[in-house]
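Some structures to go through are shown next.
Two complexes are shown next, each including chain A; its partner changes from chain B in the first to chain C in the second.
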Partner chain A sequence: MLAMVDNEPTRERCRTGIDALDNILYGGIPLSNTILLTGSCGTGKTSLALEFLIHGALNGERSMFLSVTESSVKLLENVIPYDFFDRDLIDCKNLILVDLPVIYERLGLIKAELTMEEVGLLVHSIIDLVKELGVRRLVIDSITSVGYKLKTQEKIRSFILKISKGLSAVDCTSMLVSEVPPGTQAYSMFMVEEALSDGIILMGNMERRGDLLRTLQVIKMRGTMHSRAKYVLDLTPAGVLLVPLLKGGGGGTK
Partner chain B sequence: MSPSVETIGIPALDRYLGGGVPKGFTILVVGRPGSGTEFLAKQFASAGDLQTTYFTTTERDEDIISLMKQHGWKTSAKIINIGAKYYETVLARRLEISRYRQEGLRYDDIVKFRDGEAASFEINFLTSLAYEISKLPTPFRVAIDSLDFFIENYDTVEVLSAMRTIKAHTQHSGSLSLITLLKNVHEPRIQSSIEDMADMIVELERETVGDEVKKYLIIQKVRNNPALVGKLLCKFGPSGIHLEG
Partner chain C sequence: MTLASKVAGELEELPPSAAVSLQVGVDYYLDAIRAIVDIYASKRDVDIIYVTSTISSQAILDILKALEIDSSKIFFVDCISHTMMGTAVQDSPALFVESPTMLENIMLKTEYLLRKKKSSEKLVLLDSVNSLAIHNTNYVLSEFMHIFVSSLRSKDVNTLILSVIEHTTPELNNIVNLVCDSIIRVVEEGTQ
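Let's look at the complex of A and B:
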């Protein structure tokens, strides 16, 4: 079940550090891709995104988490006690957590809906930070919350296009966390995110024999071949573990 | 002076009004720019024996005090400078924002915010005006110069509601409030609502007759005393406004 594109030139990779995911992606996310990490609540999006950053930071790549709704301080308090997480990563600024509302506030973007000009300003400021700090991995958690401040598809499109262009120019690989209501078919709230991103990793919940399993599936990934199989995801202190979803198994699944 | 009235700060005007302004009155002073409404507010704030609070939205404290001294008035009024606070919180913020927008945001600018700098939220100056007045010991004497600042920055409904609160508090505590307002710059609807609320309206007017500029103090309204409505010739002298003739 692999979507093979054999004759594609091999692009440089950004190894996520999550071994199973890197295997699915034949080595990692193609460098400087902007991908959508999408799923309903409780599917492990933030944990996976954070793990992606921590591995990067451990590897000496400066990584930045842009928190939109939750304060980054609170986020750290609730983070899974990963074996490999080291607070020094934050102290030495290899892992940088920034609250996007602080940027809103600094730039006076206080109105409920931003103008097109302000969207440009916001993207510009984020890219400036990435450049200033030499960020190689960026997570925006979540693009959906940013979208609520942009309101129209046109502005969300502009935001995503500009940010992915800007990030790609400085070889920064990014994950945009996207929230969708449980049970929807769409990969994103405003429908434009999924079309504009270079890749989609879908995370879900699945009930099997009374257990609620987390699942992960790579839907699309530009610049690499990848498995499209569904995996069962386990969040452990050793990080994300993925095992192929066993078909059948007693009729618990449809 | 009778126990039921208070001085407005111009002795001849007190006499004209039958001894002074009835306690509990809210006085509205209107006039075009340069007509002397601010001046009258200061003269008012320097008179009487009640504890006086002077709210300013435009001037510096030292300029207010210096003008009072210059005319030989007492300077015991407590000045609450809303204009300065507005500058510090709102205007300075706007300047900062335009700097960030122009020069770009750096990581240190964000960290600076996180480390201790209080999350800045916009002070509602209208609410704080009503609050400051509500906690004054009664009876009090209050001058607000000017209402224009609040009309420019807040919703009409909010401004009127705050004015009603201040007026009611003034009335029930037997205090005296004087509020200045520019003439013909606001929507007629808000202007008439405020005029309706006021117990007394004093308009400052000038007229050029030949080479001479004549100045008038027009009593537009005195609640329950329409007989007092009239046009009085006045002068701005070294000790303040006084009536002529």
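Let's look at the complex of A and C:
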């Protein structure tokens, strides 16, 4: 691991368990940060987020995946067969998978667009769940899908601000998965998510001379030094692996 | 003493985490492969991660089988079968990289195999720098070699970089020599 400068005060870390990412972040995500994990489809966002949770659960930190679009059953069927994944993690509730539409339904949030009051209600119920279960790692996949129900930038801003504040208060480190169209320069669909997050991890597909590479780059991370270089990643049963992008290989296109 | 046993003798002296340039005459290519596999996989209980961009992993396995050499400790990163279309086999002990131009993926697949294989000693054989040079510029190849070999060194893994003397330019030799601790030349009279 890269060493921090001696005597520099450091924030407590939430080690993702993905060795290379922890090295890029000089030890891990600063504890209780809310990170935007963003990229276009097929870049490995869900796999990385799930691995983050599994490592947490294996480490005894209760971890929760809030699935917005895909049912948790389908998610588990399609997940990479990680060598380190143990189904007992789910049985003993160290890894909790929750379908957000079920929460919508229980709260009576069935309209196509939520009011500001309903946004508050949704945030409260998620934070209550995190508190009640003692969740230390949370993933919302995806914040973009939640955004479609909130519609306006004002309500999305309110949702992210409230949820990151609430999670931070209970020392829960979180990842908000964000989907962006391929080739876009933006980090999010609604253009407010990135400004409100403590960190941005950008995942991409890079085409280079006909080869398609998955890439990862940490754009910002409050509370720690970090590499801003672009890395090439592979999704394997041993987890996410990263190596530096070779500069002489050419930039390619997204 | 056969050529293979001479090469094997040279290789046996390697210190841990060494990177060696193995330069072979075109007629001794198979002898060199045989020596490496024989000394490492068969006799020393070392996992060999064989990165091939020259001939397919299946062809190498067939050769080893014909020579009656145990290949159970050899695991392939095959960068050529996909390019040849259709030779990738699902049950193969190989991990496939779509093209020899995907140098980062060669590093990633090698890293994956290093994590999976539990032998205390591991060797990465890169076969060959000449075939990688067909598909990549010297600049990116040099960058790849530096990162790849340094990374293996930091994990205490030995690296053997194979090159065929007749097909090697001085520039390519420089790229390899820059990252290697020693050079073994296999020519008509034996090793040098």
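Some observations on this one:
Quick note on the criterion: the second predicted complex is superposed on the first by the 239 of 254 C-alpha atoms of A that agree within 3 Å, B and C clash if a C-alpha of one lies under 4 Å from a C-alpha of the other, contacts with A are read in each partner's own complex, and residues count from 1 in each chain.
Throughout what follows, a residue touches a chain if its C-beta (ideal position, glycine included) is under 8 Å from a C-beta of that chain, and two chains touch if they have at least 3 such contacts.
If you're wondering where the values come from, they're calculated on a predicted model, not measured in any experiment.
On the superposed chain A, the two partners chain B and chain C both fit, without a clash.
In the overlay built on the shared chain, the residue A:132 is in contact with chain B alone; chain C does not reach it. Shared-chain residue A:124: touches chain B; no touch with chain C.
In the superposition on chain A, contact of A:245 is made with chain C only, not with chain B.
In the superposition on chain A, A:107 makes contact with chain B only, while chain C stays out of contact range.
Once the two complexes are laid over each other on the shared chain, residue contacts for A:211 go to chain C alone; chain B is not touched.
Of the two partner chains placed by the overlay, only chain B lies in contact with A:98; chain C stays clear of it.
Superposing the two structures on chain A brings chain B to within 37 Å of chain C, judged by their nearest Cα atoms. Only residues 98-99, 101-105, 107-109, 111-112, 115-116, 137, 139-140, 142-144, 147, 151 of chain C touch chain A when the two sit together in their complex. Taken in their complex, chain B has these residues touching chain A: 93-94, 96-98, 100-101, 104-107, 109-110, 113-114, 119-120. Within the complex formed with chain B, the chain A residues making contact are 96, 98-99, 102-103, 105-108, 121, 124-125, 128-129, 132-133.
The part of chain A that touches chain C in the complex is made up of residues 208-211, 213, 232-234, 236, 238, 241-249.
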